[in-house]
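Note that chain A is present in both complexes that follow, paired respectively with chain B and with chain C.
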Partner chain A sequence: MCLFHRSRREFLKGAGALAAVSTLPVSMVELVFADPGQNFTFAYISDSHIQHIAGKNFVRNWDRGLIRAVAETNLLNPKPDFVVFGGDLAQLGTKEELDHGAEMLARLARPYRCVMGEHDYYLDLGEYWSELFGPHHYSWDHKGVHFVTLNSILTYDDWTHKRWPTAQQRMLEMAGLDNPNGSPFMIGDAQRAWLRKDLEAVSKNTPVVVFSHSPIQKIYKGWNFWTEDAEEVQALLKPFDSVTVVYGHVHQIQYNQIDRISFHAVMATAWPWPYPETYAQAKPHMPKLTVPMNRADPFFERDATGWQLIDLDTGRVAMSYNLYNNTNRKVAYNRETGRPEDAAYQSPDKRIPPQSHY
Partner chain B sequence: MLKKIAGAVVVVTALAGIAVGLSSRADEFTAEDLKRWEGEYMSVVKIGRELWTSPTLGTNGVACAQCHPNGANTHPETYPKFQQQLGRVIALREMINWCLQNPLEGKPLEAGDARMVAIEAYLAYERRGVPMAPGKH
Partner chain C sequence: MRRIWIGLVFAVAVVSLAAAAGERAPAPSSPLGLPPVPFPDDNPQSDEKVALGEKLFNDKRFSSTGTVSCGTCHAAEKAFTDGPLRVSEGIRKLTGTRNAPTVVNAAYFRTLFWDGRSPSLEDQALHPFLNPVEMGLEDHQPILDIVRSDSDYAQRFQAVFGKKGNAITMREVTQAIAAFERTKVAGNSAFDRYWFENDTSALTPAQQRGFELFVNQGRCVSCHRVEQTQALFTDQRFHNVGVGINAIQDGVPALAGEFLRAKATLSEVDIKVLTDKRTSELGRFAVSRGFDDLGSFKTPTLRNVAVTAPYMHDGSLKTLRDVMIHYNNGGVTQAGDRVNDFLSGGIRPLNLTEAQIDDLVAFMEALTSPEFSRLAQGGGK
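Take a look at the complex of A and B:
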């Protein structure tokens, strides 16, 4: 029936997209590094939510999203220096899901690093994930940029250790985005102390790029588009001339500027989420700067999902959203206005009807 | 004689009927009635919420709430409307069934199925306060 035809059509479309992306131009924006050889790009894939059904069966739809993102990033030319996976590789944190996801990520032609998501964490508190991908938070330097990966999906100890009779139930409670039994994400005292120390060694004019799963800003608590100690973390980042936070979790285009900190969200490869203001019982908290992604068309199962190519030529993030069934978007820092802006749609008179959500 | 008795029985029965009717007139109800009716509705909304977050409504473990937290992005106030992907005007339940069959890889529900009614009740409840917008894309 229609499922079969749809899969086949999607496959053929996918093949076309692969051909197109193999010639994807990497935009060269103004260079500020002294040595142009230092310019680089990296790819960002996030929120694949690999979901185990039983035995060897996984939800086909989510598998296809990650397989496609990996295949397309492998075709980038010039090649990105590395790839980041932004968290929520699994849906319910099981070994089956993490293994299956890791197998797909292993096909990446470039080195990759991973960010912890709540769906990876709350079954065994990240233990098996660590065996596969390493520490939960870490930093490194690459061509003059200081990168930090945070585990932003921790929460109150009481919720994590005392509230639930089983680890499975804890995982299920946190997996429901709109579940009132969930708990706000946070980075926590210990990790903030680590971050403070880590940043002490970095000069204030070094570009700093932070990867987290949840937004390190407060957007909508009801769906955990939120980090409880966001302000404390922002205070540690503020002294730097150029700071960018890239986050997953929200499955949608978002961007914002708070003081000197730029924020960019990435798309999921699995499915898109509504913008919080479309929930009639919630108050709108979206950054006003954000020009939303197009409303998703469910009849195209990869619509409103995708992956990102990030260019750091200016020391700031210029993010190209590679969208499977939509016109690609590019959101880059504008030096004149001092904030990230969409290359085509930022001005209110340039916006198009599919960008209005209700 | 028998006929008379039969007639009397009919009259008495009718009077009894009126007497019973006096305590439940069609156009009169109490605050308790309102509370009970709302409770009945909310009990179905609750079932709808359980179905919305249930991994067993379809066959692959995917739940409606995975893509539609709090029923968002379902726009119940716009139906019936022209569903451009299908090329005709449909009721919301047809889209609910489309989702059951596609992302959830399950079977559609009959229009009168208590589960369908519960899902419709839940979506309307989450959308309360939003003006009707029939036909809006």
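Take a look at the complex of A and C:
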């Protein structure tokens, strides 16, 4: 781990280069890494919501978002080791949508892995998705980091299997926000048992990075910014020195620290969600740490969407948000304070009006 | 005191395009449809400076072959363009990569060149002299040698700037050129009478329908702005509208990477983008190096657009109708071609009918100023 520590210091010294993702980060990554052999980056694209209209027609705006994210990540240099797609590739889980999305992902210049989203799942319970992208949950090791992908959008068996006359209706019910017929996301007993076993083989000082679609924390139930068994999953992750959860679903910048676990949300390529405080049907529990994303300029159709470049040179996530037509953000773990912090805006006196003016 | 007085008068005055230097009829306000011309504090207008600028603008001795002046590509008799050339021809008929934009109303632009790599008319004027496919000088010294030794220039620089000999620099040269260019403003179009004076007879029914399309279904006004008191027909921003970059799509990663590794200065960018067509198509990216700007170019004004064919940064579209078809296709010139990955979000298929396209073209023909109406030949159809 001392390798990580040394390079972390180098990293902070180079803080001036942190805002550089909007340019191809040629210099950024090279400057940062003390040992290019061990340190690496990966890109994270999420929530594209590819939506089928009819025949060969798909919602163009969502198509363009994913196409652009793929094209831009292909420009990264040095190339990221891999790309993660964070779930909700489809809007209503159909074969057409998943095929169309997979076709766009196939243009990625690097290997990619996928996370299951509820929009991918609730039509056929992930069956066709599996044909395209493999198992619903899995783990792997890469350059000293243990990666785990969870399917966090499961729910009660009764809701999934017994409530709905058709699969289409089930899909639509789960796609709705503030839906009294909805049901909270969970990882579930079986997958938690698998996770426990998977982590048993991992030493406690190995950095662990978990990918899930929903936040493995409880933020706002009405929009399923929520995982029902979050505490149980957190308990499995807590024993590790360095754990980070990266999640999609919320279509906005969020980050948090709970015990030793860092949380980072990623942007959607499709559309932004407002922060739940703006629609308080129930009290939200937004992480106080989070400095919100800027209000979007509606002139730019892609504003408030984006993709991420993540570097793991410390074993912790340092996330560069590439935000179309907006100011890029960088949220990285601060070793001194023991939590993720925004490189520019964390201090209350550094906040700017577009972050609170909704 | 006199200088201040002159500056104040010129701040609100507009020079008639038809008038020769010195014969300028004082005008009380801007042409209809245009705001006051912004004059930099350090470069106040004067009749003598404008006349000097015009002489410099048209002096072919400022090119390596003695054959090319600013006015070669920005010809007064062609509404300050070089139409119908697709891209400009410099010394020895060398061609660049971009279509010469009109000088008319450039006074209002916040950035110059198609990729906005220059912040002012004064700065812009420095670069074509040195570009190898434009005026081809090695450096600015030959210009300075001429203006310092030529007796007419010496007398004029003394009168305008109070400077002679080595005290005359490119600063004075470009200030005079910019002062001349700031007199080339033109409004007073049929549309201006319709929109700003409520003269409904100023536009034909087709043109009125075209304006309705311009602000609604055609989505044109989003970038080509029309406001309540003025209309510059530009948002001064940069957009990827699917021109140029469509031809190099698979080359973008290599081109962009090479470009960044070269760490070019802006002067080197000036040469690179005009001499290498493929690099040129990176657009504003060559200046900002930001993903948002890949394949993006500045929104041009649409004033007098009917007399400044051909169109787009590369002159690749011959008529206004071709331009409408390109936009109607959602950012591809041939329907069905691959849309480029970096296309600006606002560009999408418009579902315009042939008749609607005709109306839009008719509307754009209503944007011609009286000074240039003789150049309109039934327009862009």
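Methods note: the second predicted complex is superposed on the first by the 320 of 358 C-alpha atoms of A that agree within 3 Å, B and C clash if a C-alpha of one lies under 4 Å from a C-alpha of the other, contacts with A are read in each partner's own complex, and residues count from 1 in each chain.
Just so it is clear, a contact is a pair of C-beta atoms (placed from the backbone, for glycine too) under 8 Å apart; a residue touches a chain by one contact, two chains touch by 3 or more.
Model, not experiment: these values are computed from the prediction.
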Looking at A:144, would you say it contacts chain B, chain C, both, or neither? Reply first, second, both or neither. neither
When the two structures are overlaid on chain A, which partner does A:53 contact: first (chain B), second (chain C), both, or neither? first
With both complexes overlaid on chain A, does A:184 touch chain B (first), chain C (second), both or neither? neither
Kindly classify A:271 by the partners it touches after superposition: chain B alone (first), chain C alone (second), both, or neither? first
Touching A:298, do we find chain B (first), chain C (second), both, or neither? first
Just checking: does A:61 make contact with chain B only, chain C only, both, or neither of them? Give me first, second, both or neither. both
So, A:324: does it touch chain B (first), chain C (second), both, or neither? second
Of chain B and chain C, the chain that contacts the larger number of chain A residues: B
Could you give the residue numbers on chain A that contact chain B in one complex and chain C in the other? 60-61, 299, 301
Footprint of chain A on chain B - complex, ascending: 53, 60-62, 65-70, 72-73, 75, 85, 98-99, 101-103, 105, 126-130
Looking at the complex, which residues from chain C come into contact with chain A? 222, 252-253, 256-257, 260-261, 289-292, 330, 339, 341-343, 345-346, 348-349
Can you list the residues on chain A that touch chain C in the complex? 22-24, 26, 60-61, 64, 67-68, 70-72, 74-75, 77, 109, 299-302, 322, 324-325
Sort out for me which residues of chain A touch chain B in the complex. 2-3, 6, 49, 51-53, 57, 59-61, 176-179, 222-223, 271-274, 278-282, 295-299, 301, 357-358
